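Next, two complexes with chain A in common: one pairs it with chain B, the other with chain C.
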Partner chain A sequence: MTAMRMRRYVQAPGPVGEISELPLLQRAETLDRVYVGYGLLVVALVFASYLLGAFGWLPHDPQAMNVGLINAAPLTPGHPLGTDFLGRDLQSRLILGIQAYFLPGLLAVAISLVGGSVLGILAGYQGGWADTVVTYFDNLLDSFPRLVLILLVIAAFKPDIYYIMVVVGVTGMPVIANLIAGKIAFLRQKSFIEAAHALGLPARTVILKHILWYNCRALLVIQATLGMAEAILVETSLSYLGFGVQEPTPSWGNMVQAGANYFLQGNFWPSTAPALAILATILGFQLLGDGLNNILEGKRRR
Partner chain B sequence: MKLSAIKPIGRVLARELAVTALLLLGVSVVVFAILYAAPGDPLDVLLGGQSPRSELALGMREALGVPRTWYGQYAAWFGKMLEGNFGNSIRTGLPVLPELARVGVNTLYLTLGSLLLTLAIALPIAVHAAAHGDTAGNTAATVVAYVLSAVPVFWFGYIVVYVFIHRLGMFPLISGTAGRQPHAWLYFLVPIFVLGTASGTLSEMIRHLREELSRVLAEDYIRTARAKGAAVWRHAFKEGFLIPVTEIMSAKIPFLLGGAVIVEQVFNWPGMGRMAWQAAQDRDYPVIMGIALAAAAFVRLGNLLQRVVFTAVNPRASRE
Partner chain C sequence: MEDAVLSLSKEPLLSIENLRTYFYSRAKRAFVRSVDGASLAVARGETLGVVGESGSGKTVTAHSAAGLVTGSPGVIGGSIRFDSRNLLDGLERYVKVDERDGRVMAVEKDERGWREHAETLMRGVRGKEIAMIFQNPRAALNPYSTVGAQLVETIRLHTGAKGQREARERALHWLERVRIDSPRLRFDNFPFGMSGGMCQRAMIAMALCAEPSLLIADEPTTGLDATIQSRIVDLLARLKAETGITTLLISHDISVIQRLSDRVAVMYGGTVVETGRAADVLAPQAPARHPYTAGLLASIPSAETIRTKSYLQDIEGDVLDTIDVPRGCRFYGRCSRVTEAIRERCANLEPPLGEVAPGRRVRCWLHVKQETPA
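The block that comes next holds the complex of A and B.
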């Protein structure tokens, strides 16, 4: 029985041979530069805010309630982003909310990258039965809607963010495995791997240095940023659903949920501020990934 | 369809059915493994927290006929499922399978409806961009699609409810369960609209359709068709349109099912997603297990249909 290698709709690797000799920035299209620029800005902001939250350098105590100043609008003196339904400072809570996904997201990305690379190399470099097994494994993982699988794990174990992120990481493996296997198939076509073998290089060097480092690092960076976007989406969705970080610890998802009670009364802000943060951040990671893909992987718009 | 295309389809159908069966078997193993690895034992609940190692527990296991080994348990569980017995919900005590069938239809409406809506938005943009290259209009549309795809769907749901229902009074604010009101069917459109525009699939769909169509439009056979003055569209239809569209639709089903969990929660939509949420809250294993299996079956079915379309268009694929 032939296994079906699914084509991927995420980021197909472009033909390596067609990468031009022009310096990166010159051959990038304006739109891609805007994408990457915005994405890098978001990454820098998220990282800086993560550090601020980790060291506790916040403008206000994120748990300090102020009953006199409930659901304050933005630009209120002392609270540039307003306050929530308990009068807590939204700006501080937004910054602290990054703690909810930052390290767990990195864990998910690390699992996807490592697991996906191993599977991809098994499928592409080993080939034969390994390719068949990996393809079936990929198809098996792809059969589950991610959120349903996460809910299953939550029901079976406990609603712990690290358990959830392990699921996110594992379900992210097939995409990377496929891309790497595709890349290796392409390199084989160019007699690249045969040449490396002919030089007498050990398999370890060929795999780690020539395949992964020289030819797949761009792909891995791109997938890491896209994976981070996924992880943020999952974390915020789950804490919105009430399974992730619990009140009073802030997460962007549970902040949207908490503010939603006031939404239909016409007070948008407490729910919209975290929603905009989610929007801007996910957009940043996605645009960074797609922009880098267009530039580094030589995929041209026509 | 030409007769010569039937035979390859039959062959592929047989092969894909076998693959689907194998994968569903794998799905059941994964689900069983997760539940097996889970701490706690349903018998603990039954015995009121007494140690499962105690004499009583062992006696209870014997009496209930619970197999001792994991493969024995799996075989017993799988055998029951083949008989159509997915167990009873811990919370409601109702059998899982009929409940799943009842709410599954609602989720089917929601996901298929929003899939079609996403496609209806993505197609014109993708086709226009493939045919005319980067114009100001379709670049703007692509950027808007990116932004829409990053909008958290739960917040977007509130916006839509507020604007369309509270402000404009366009739709009746009732749950999908109450079917008697005159314009009740209109209510179905709101969640479909929300999931279809903000499920995060829009920008990917545009990109995929556009890349595939522009790739095909640059092929030699299209240039030939253009040169002889034949209808380019008719020649590009199969490879540049039909295959990418079915591919992306089948690939996006799992994402929409995941999005349905959230949208159903926002709109109180009586579907599988809401049921999954409730089951995860209550740690209602049989229900969430049934949902995972049903969702996986749905995904595999979409994939199967895609493979059939692919072979019908490209009979060579059956001989791979």
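The block that comes next holds the complex of A and C.
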């Protein structure tokens, strides 16, 4: 038997008019802003680190081994985040590890946004067969665990991160397609869409500008951040399992895996550092999406 | 075939003949005959007011003329001539109507083919030549974009305005013409920041900025406050005087029709039951009037009824159920003027829209002589 989920509603103490005078930190808006602020900080850090890695401006050569200084603790002179089991600088490798998911993740997001929008417009505007196709596509992808699909692709082609991200992008399409189709079905009954047709605007303009741009852009931004979080998670877990980015190229996933061998010997840091990085980054993207969702989409509901 | 060109002095700009727009109700497995053989004509430069209760087919007629019907099967027959073109030209091949003694029993329609062909016929017409304003103007503007941006978009689409700057100038000019005060400030307003009346003014500006030859005003005052309604009517009258635009005005508000129209068509149950000059049709005492028009006029308060403190009269019964259209006169079930002499005809034979005076036609057996014995 499932446990009962009781939801509690509590009347605020004092006169009712003072409900809106909740302390700043307890207001829902404040929390949303904190989420978005943290998320934007993470995005900025990730982007800056990506550029550092792309230009090779790293404190150390990430591949240079130093057998005299393996599994060094953080704050070792010259290695602020310590070194791994081969004595490679963790800070440089963490920064370079962003290369493993940054562009592939963007590719996955782009695929699911563009593909999802196209499918969503077809399903929402055309209805009929397009709607059926999207529904069945959705069901088909739902009936496969995503990881199995990715392993299939790896087995069929090669363990290349871009191949994997194409799968991530394609499997992300139905969610967006459904959201957009629902939005279109809702908007089509609005008279401003009818008025736009009556003013003689071509269907293309109405769909792309009035529906997709004006009415779905918030939704697309939110889905993009959530999709990026998903892509990072997939990349790091596959690299951890050895299917994604291969050593010696650093990825946060394979760094956790490499450090894990020394975890029980007391050298927990080489795998904890990338794990914390994964946690903080994914949390950042997720919270950004969540906060934006509440701020942009929730505003009209309040 | 009933001729719809109702002895007009001028050649009509828009003439709708025997238009049929049906919708299929899956639940009832029957056709809703929203527009069922309606014919009307609007001469160049005149305003034709279309009155009738809700559900009489006024709006669907207007939407059919603008090619905006989205339900299915939608328009299934008739002709819509605009200027020198036929907006339903060649579309009959997409529809197969199975008719049995004058009643449509089944319709087959290639909706995709119809829609694509209709769109090619409407290209350059909708928005450019036929513009439309709607009821509930706030909902007719996109809430996510500023009024100015929407106006500029329409202007750039339909006029030769070169570049953003010129389009913006024209937009401001149009906002002035529809008498929105401080147009420069309103330009950057979102629809939710403006009153309903101002939204309607902006909507009118958007409709007129392409300088169309026909304006379809579909209940332009519905959903507005009473004082604002009057202002919008004034604005429409003034713009009409300035531009001389041909107007098809749809309203259930007889006072609006009275103030703006040159001619009036009264619709009931999806068809036109009376047409004529506004002054004749809406006059307090008119000879040879359709009983429905008489009922409509008796149901609105006038200075006369207020002075004598008499009761207003309503029309007995409900609006015609357009699913189950009777064989005879559509108004027969509610008519209080049936005489024994014509009862048989009223119940079994639909009266034609016959001429009772020059330029005046009534669809009623009281006034129309039977041409051929039944």
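Quick note on the criterion: the second predicted complex is superposed on the first by the 268 of 302 C-alpha atoms of A that agree within 3 Å, B and C clash if a C-alpha of one lies under 4 Å from a C-alpha of the other, contacts with A are read in each partner's own complex, and residues count from 1 in each chain.
Here is the rule we go by: a residue touches a chain if its C-beta (ideal position, glycine included) is under 8 Å from a C-beta of that chain, and two chains touch if they have at least 3 such contacts.
Model, not experiment: these values are computed from the prediction.
Enquirer: Under the stated touch criterion, which partner chain does A:Leu233 make contact with: chain B (first), chain C (second), both, or neither?
Expert: first
Enquirer: Report for A:Leu149: first if it touches chain B alone, second if chain C alone, otherwise both or neither.
Expert: first
Enquirer: Does chain B (first) or chain C (second) touch A:Leu199, or do both, or does neither?
Expert: After superposing on A, A:Leu199 lies in contact with chain C but is clear of chain B.
Enquirer: A:Val67 in the overlay: touching chain B, chain C, both, or neither? Say first, second, both or neither.
Expert: A:Val67 sits against neither chain B nor chain C.
Enquirer: See if chain A has more residues touched by chain B or by chain C, and give me that chain.
Expert: So, of the two partners, B touches more residues of chain A.
Enquirer: Figure out whether A:Asn139 sits in contact with chain B (first) or chain C (second), or with both, or with neither.
Expert: After superposing on A, A:Asn139 lies in contact with chain B but is clear of chain C.
Enquirer: Of the two partner chains, chain B (first) and chain C (second), which one does A:Thr272 touch, if any: first, second, both, or neither?
Expert: first
Enquirer: On the A-aligned overlay, A:Asn215 touches which partner chain: chain B = first, chain C = second, or both, or neither?
Expert: second
Enquirer: Where on chain A does chain C make contact in their complex?
Expert: For chain A paired with chain C, touching residues are 190-192, 194-201, 205, 209-210, 214-215.
Enquirer: In the complex of these two chains, what residues of chain C are touching chain A?
Expert: For this pair, the touching residues of chain C are 66, 68, 125-128, 131-132, 134, 136, 139-145, 153-154, 157-158, 203, 206-207, 210.
Enquirer: Within the complex, which stretch of chain B touches chain A?
Expert: Residue list for chain B touching chain A: 15-16, 18-19, 22-24, 26-27, 30-31, 34-35, 37-39, 130, 133-134, 139, 146-147, 149-155, 158, 161-162, 166, 200, 203-204, 207-208, 211, 214-215, 218, 247-248, 251, 253-255, 257-259, 261-262, 265, 276-277, 279-281, 283-285, 288-289, 291-292, 295-296, 299-300, 303, 307, 320.
Enquirer: Under the definition above, what is the set of chain A residues touching chain B in their complex?
Expert: 1-4, 6-7, 9-10, 12, 31, 136, 139-140, 142-149, 151-157, 159, 229, 233, 236-237, 240-243, 253, 256-257, 260, 263-264, 266, 268, 271-272, 275, 278-280, 282-283, 286-287, 290, 299, 301-302
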